[in-house]
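Sharing a structure here in structure tokens format.
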Amino acid sequence: MGKLHGARSPSIARASAEFQRVRGLSVDLIASLEPEDCVVQAMPDVSPPKWHLAHTTWFFETLVLEPHVEGYAAFCHGYHELFNSYYEALGPRHARHHRGVLSRPTLEEVLRYRAHVDAVMLDTFERLSPAALTLIEIGIHHEQQHQELLVMDVKYNFAQNPLRPTYRPAPSSNTADAARGETRKMRFLPFGGDLFHIGHGARAFSFDNERPSHRRFVEAFTIADRLVDNGEFLAFVEDGGYRRPELWLSDGLAWVREHGIDAPLYWRRDGRGYREFTAHGDRPLDLQAPVCHVSGYEAAAYAEWAGCRLPTEFEWEVAAAGKDAQSAIWLEDGWLHPTSTAPADGSFQPFGQLWQWTRSAYEPYPGFRPEHGAISEYNGKFMSNQWVLRGGCVATPRDHVRSTYRNFFYPHQRWPFTGIRLAKDSAANEGAR
Amino acid sequence: MGKLHGARSPSIARASAEFQRVRGLSVDLIASLEPEDCVVQAMPDVSPPKWHLAHTTWFFETLVLEPHVEGYAAFCHGYHELFNSYYEALGPRHARHHRGVLSRPTLEEVLRYRAHVDAVMLDTFERLSPAALTLIEIGIHHEQQHQELLVMDVKYNFAQNPLRPTYRPAPSSNTADAARGETRKMRFLPFGGDLFHIGHGARAFSFDNERPSHRRFVEAFTIADRLVDNGEFLAFVEDGGYRRPELWLSDGLAWVREHGIDAPLYWRRDGRGYREFTAHGDRPLDLQAPVCHVSGYEAAAYAEWAGCRLPTEFEWEVAAAGKDAQSAIWLEDGWLHPTSTAPADGSFQPFGQLWQWTRSAYEPYPGFRPEHGAISEYNGKFMSNQWVLRGGCVATPRDHVRSTYRNFFYPHQRWPFTGIRLAKDSAANEGAR
Amino acid sequence: MGKLHGARSPSIARASAEFQRVRGLSVDLIASLEPEDCVVQAMPDVSPPKWHLAHTTWFFETLVLEPHVEGYAAFCHGYHELFNSYYEALGPRHARHHRGVLSRPTLEEVLRYRAHVDAVMLDTFERLSPAALTLIEIGIHHEQQHQELLVMDVKYNFAQNPLRPTYRPAPSSNTADAARGETRKMRFLPFGGDLFHIGHGARAFSFDNERPSHRRFVEAFTIADRLVDNGEFLAFVEDGGYRRPELWLSDGLAWVREHGIDAPLYWRRDGRGYREFTAHGDRPLDLQAPVCHVSGYEAAAYAEWAGCRLPTEFEWEVAAAGKDAQSAIWLEDGWLHPTSTAPADGSFQPFGQLWQWTRSAYEPYPGFRPEHGAISEYNGKFMSNQWVLRGGCVATPRDHVRSTYRNFFYPHQRWPFTGIRLAKDSAANEGAR
Amino acid sequence: MGKLHGARSPSIARASAEFQRVRGLSVDLIASLEPEDCVVQAMPDVSPPKWHLAHTTWFFETLVLEPHVEGYAAFCHGYHELFNSYYEALGPRHARHHRGVLSRPTLEEVLRYRAHVDAVMLDTFERLSPAALTLIEIGIHHEQQHQELLVMDVKYNFAQNPLRPTYRPAPSSNTADAARGETRKMRFLPFGGDLFHIGHGARAFSFDNERPSHRRFVEAFTIADRLVDNGEFLAFVEDGGYRRPELWLSDGLAWVREHGIDAPLYWRRDGRGYREFTAHGDRPLDLQAPVCHVSGYEAAAYAEWAGCRLPTEFEWEVAAAGKDAQSAIWLEDGWLHPTSTAPADGSFQPFGQLWQWTRSAYEPYPGFRPEHGAISEYNGKFMSNQWVLRGGCVATPRDHVRSTYRNFFYPHQRWPFTGIRLAKDSAANEGAR
């Protein structure tokens, strides 16, 4: 993809192939779903699967075809309003929390819409301007984000159904066992304080929120070599963690009390202990697997209970620099549930398994400039009240994240695949105070 | 059906035929829908079409098969919770406002559920006790109520979709023109004050809320010989009716202001005037057709503006006594939209077209006794804060209503097919005060 | 007062004396309060004491002085908006739920406002037209209603304060013991079915909602000769009454569940049993005193549990006809808490102690006509969704109620002094069904 | 105060004098209020004046007297619950949003409570441990914070009253004119990028949230030499600023739309233009005075509109280092309303007039450690979802703020005395990107 960026020497063939590959994966993700599954929106934060399929198509139609392909006529005029997510500059939008009231267009019609737009796109790739190609590149990464959202959303929807449907069968247990590392004692890797370059400065693709690369002084810190597991989190629960105000941020405690929170999102207690709802259905809680679907508030409270804290996003980026993201388990691997807190080989792998909450508010980097045009709304306007997460998860497409990649959610949200990586001030540092 | 009641001399064959006819009609009602359409619940008051199909089946399974057919095993244990509407005595229920989050069971699975229960029912009709046959009779009338609800709910769901889908094509305009009466001046038919018998005392089927027949003194009154039409209601709108506090009940005014109400539910203003959403899609407002989808508050405010009032349910019943309900247009006729405020022949027809708001709170009749068992929750527990409506509508199955039939909704609800019939105190009566 | 009505032969002197007496009583009611107590509004339904004092004054200023006394200039222009309760015809109003944000005018300023208006009123009594005198009569009865509201509201406000302040000391226990009747077995007094005249037809004062007198057929019934007491209601509580859905109206059950209701409003459980907050402070629950501060929903559920029902307002009026209201305990007696379910002499006393919920929705009587002018908003616009209560209470001024008097509240409200009187269908009547 | 800190060489006499001075100022602040004014809480964020007076007293009673003075008995046991603000470790608390329902204790009783606690405090100052003296020092700064809150809250309460009461008369206009500087063109002062020490490292008093002093790299920036004035903000309003989505953060736009925001909190349009409510009552908007009572969202949108941005808290601190806070206008000066965007002498004065929104989320500094004990809840638990403000305002007591002082509010809050100082990236810096 790197060569595409800036369209300095665009390999049209590669771009076109990548477009087809990513577009195809989206449709693969609904292969196991019924038409009825593609309509449901069980809370305002999630979107129906067919909405994701249509919205990502709308993105190419509205941002690439309409402005850049002369004579292109919208597939269906009404889709413009239905499938605009949040672009104020692109006209009125169907209310987000009402996406689940739309039975039409049907799934079949949405697939026809996709086929139509894809055909026109592939037809015109060679004639597109560098600016259009840049938008396509963003559109491909955008579609990857919606692939992860689609999986998160189906899981959430299914979890609300007392029949507890299964999205996809679990991988065979042989494979699972092989992938599973030993649970090892959590170690904290030390990093010295220094002035670092943070953010994305390379020629390869990045989102605007990763830029510009800038200097940031980071004090010495240590960071856990693995994620917190269910067994550890269960100890927090059993120690009354949810009922001990001293562990919580004030807003977090209010959230816990208002909603009666007493366990991660998909835990459910039955007579014999906790069970967990997964993309493979309901099953006993695996104490050695990473705890997942916790809010930022829960992550911070757990860290406090454990005598640690969450890392800042800058600490995380310093620690992750140069690590290999490829070797992690990604969406295409089909696991769809975290299995291991760390690689079996004992190495430090900051990527994959689960997004890791940082204790950094989502703010613009010094010198931040949004993209131009409608796409300027992509990231900048969300830079308040959210927290940064880092690292990617089992539902993230391979190649999508990097060490500078910034994901963000409100600290109460927990339907993403989120987990906990702990950090501490360096002992040396502490001594100084 | 009369002979079935009380199972004194049950004609099993007729009951079974009626069961099959009504069950079949429910499935016919979704013939024009896509699977996606059957999932949606656009507000808490409506239910997804497949929920109606399943709930009415659950009714027979739970109230007839399980208690009365030895060895009957539930088709799917989980359905018990999913498809119980409001029967506290029958265990936990899936939350009403979350019916739209259920993609499973799919429509196809629900149809299999229906087929299964129908087969068992038909198999065992002859062996059932009189008590079971009475429950079946209630179940059939119950299913008819859900047929009307299904049509109301699909219409509401579709109206929220900017694509404005059509439920069914309109009948041919020839037929429509023939059915249409002249718009005639509204006349008020006089009835003298007297002691009347109100309520249902005959052997034929009735719901418990229509019983017992009792004496009620009704002062002299007059009642309009036709429904209020769109043209008349438009005059109210254009006269600032929604903004004139003196016309409104206090609760109604609060409702108007909170929700910014300024027209009937399905009216929409565009550049050239009002349009109306119908089961046949969006079309220009027909000024001569009855105004429909108004709340009780709007009906009462209109009546005040017109120098009239709404009738009491007792006045309506007195006026409707002995009138022929058969000749009206019903669900089976396929109109699904009111076309005429009164019959073309100039006669007084209280039945059909639209449910008519009365100014009577839904209360128990003197000596009211609910049915026994779980079915006791059918009516009695709803007897607060609702208003009685009378007469049936174009979405009501033929044979379902009668002059004693009491429908009921909260006064702010307007997704049912509701209209306005005016009444007045008798002039003689007025003079006396 | 009778002669004043209709101003046919107004005894100005008597009217003026009555005006002074009632106006004086209002001020007496705050004698035991601090200025701070007069500001507080602990929920939207209550009003601050000084608001009541000002609003009742505004009533005379706005409805009598401004239209009927030439040259009268408003005491303070801003009061017009602040102290208009709900009269849409009289201009904008300060929002009801924000009455507690008004520290100004201070109590002292409000008392000056009262003194000013009273002085002008007394000065001009003789020169007023019959129409103005009629409005004064309404204003006096209106002020009496606010006297009761003021006591209810202070009690509610104080109950929210953990310091549990006392409004007034309890009467000496000697007096209390004397007033207390024996607790006697509840008997049901029989009344035959017949056509009755209901409503107010006499020349004496009545509110428009009591008129016109009209015929109403009432089936035979029996009515309890005393109120339900705390001991009886406690048995309901201990029998799980609040958790048994079959006893409740559907809306009532939703209210119980949403608010976690499990006892009457002012009951509070401590280690040794229930305590009750009263106008005299917190004290152990008196099992022989009438249960009070229950909602209509609780009253109806209790009645169901007891195998009875609530009376209709018509039954109550039939039973109360000709009974002596004077002999009951009223506001001026200073008790401010019900002490006895029935008179010590064993007689039937429908009046006093507590307002009694009826199972009658608050609806217009046949032929109802509101008063003319702004005062038309007094009653009619509230005739939806509320229930009628009858009989008056210990906080109602003497002479204020009569057998035709209709009080009304929403069925969930329970800060008024409300109690429960049971009724049943007549056995004969029951046999017939 | 510096010597007191850590009680290394406590000058008891100075501490005691400071205690008396600050305690006295709190009572002075209500000198112009009526008892009724001291009860009101017009929204959940504000507290009644007498609550502030009692809570600050509770602080000394609970954190100093009870643990550190043997035999001290609480003045009134019930106050413990009533006047605990948010200390979970110190037991149950009266709900914050219900502070306005408490008429008792009366203002007079609260003043007696203050006098009692002050007397015991002064009596025991000499015998207190260094730990207790440290808590007193915090308590004094805590009381200063509540002095500002009291002024903010009275202003908010009065603004809700249509009578628009005046808190205090305005200073004479001679003085005002003298204090007013010329409105000058906004200039941007340049600061070079560098590694700075941020936070409080000196021995003098600081809150825990200002510590520890740590290194932070700040890129080159420029910062405005004066605040934005009403005239400039009016131009934003008139340019449709509130209706242009591209200027707003997404959460900010949602807030604007939900609440219909179209001007700063205390602006009100009448026939001739805007008026502004101040501590001195209602008056025409002064176009040359600083715009005040804007939310963080409004500040950020204005900055965007002006082609600038808000400074980070680190930039602000770098710019303010070494500036003289004493020369600004503070609470004791009695102005209570900002008069000038910058000093008349043309100097750069970052302190005073209005708190300045920064675009920095309120987060812990690297190595942050909360105070020990109950006081640990003072700051740390609020470090989510809020923004940092810097500089102090006309309602802040003199000596209270410093260049490292961090105030914090949610970005939608605007009842504090908030204003806008703009910043930009350095041109050099920009060129580099």
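In this document, chain identifiers A, B, C and D correspond to the written order of the chains, with residue numbering beginning at 1 in each.
Convention: a contact is a pair of C-beta atoms (placed from the backbone, for glycine too) under 8 Å apart; a residue touches a chain by one contact, two chains touch by 3 or more.
Computed from a prediction, not measured in an experiment: that's the story for all the values here.
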With touch defined as above, tell me whether subunit C and subunit D contact each other through largely the same residue numbers, more than half shared, or through different ones. same
Taking each chain's mean CA coordinate, subunit C and subunit D are separated, in whole Å, by 47
Subunit A to subunit C: how many Å between their CA centres? 59
Please report how many Å separate the Cα centroid of subunit A from that of subunit D, as a whole number. 38
Subunit D, residues touching no fewer than two other chains: none
Pairwise, the chains that touch are A-B, A-D, B-C, C-D
Note: in the complex, subunit B contacts subunit C through residues 86, 88-89, 193, 195, 212, 214-219, 245-246, 248-253, 296-297, 300, 312, 359-361, 363-364, 366-367, 369, 376-377, 381-385, 411, 425, 429-430, 433
Contacts from subunit D onto subunit C in the complex sit at residues 34-42, 50, 78, 81-82, 94, 98, 100-107, 157-158, 160-163, 165
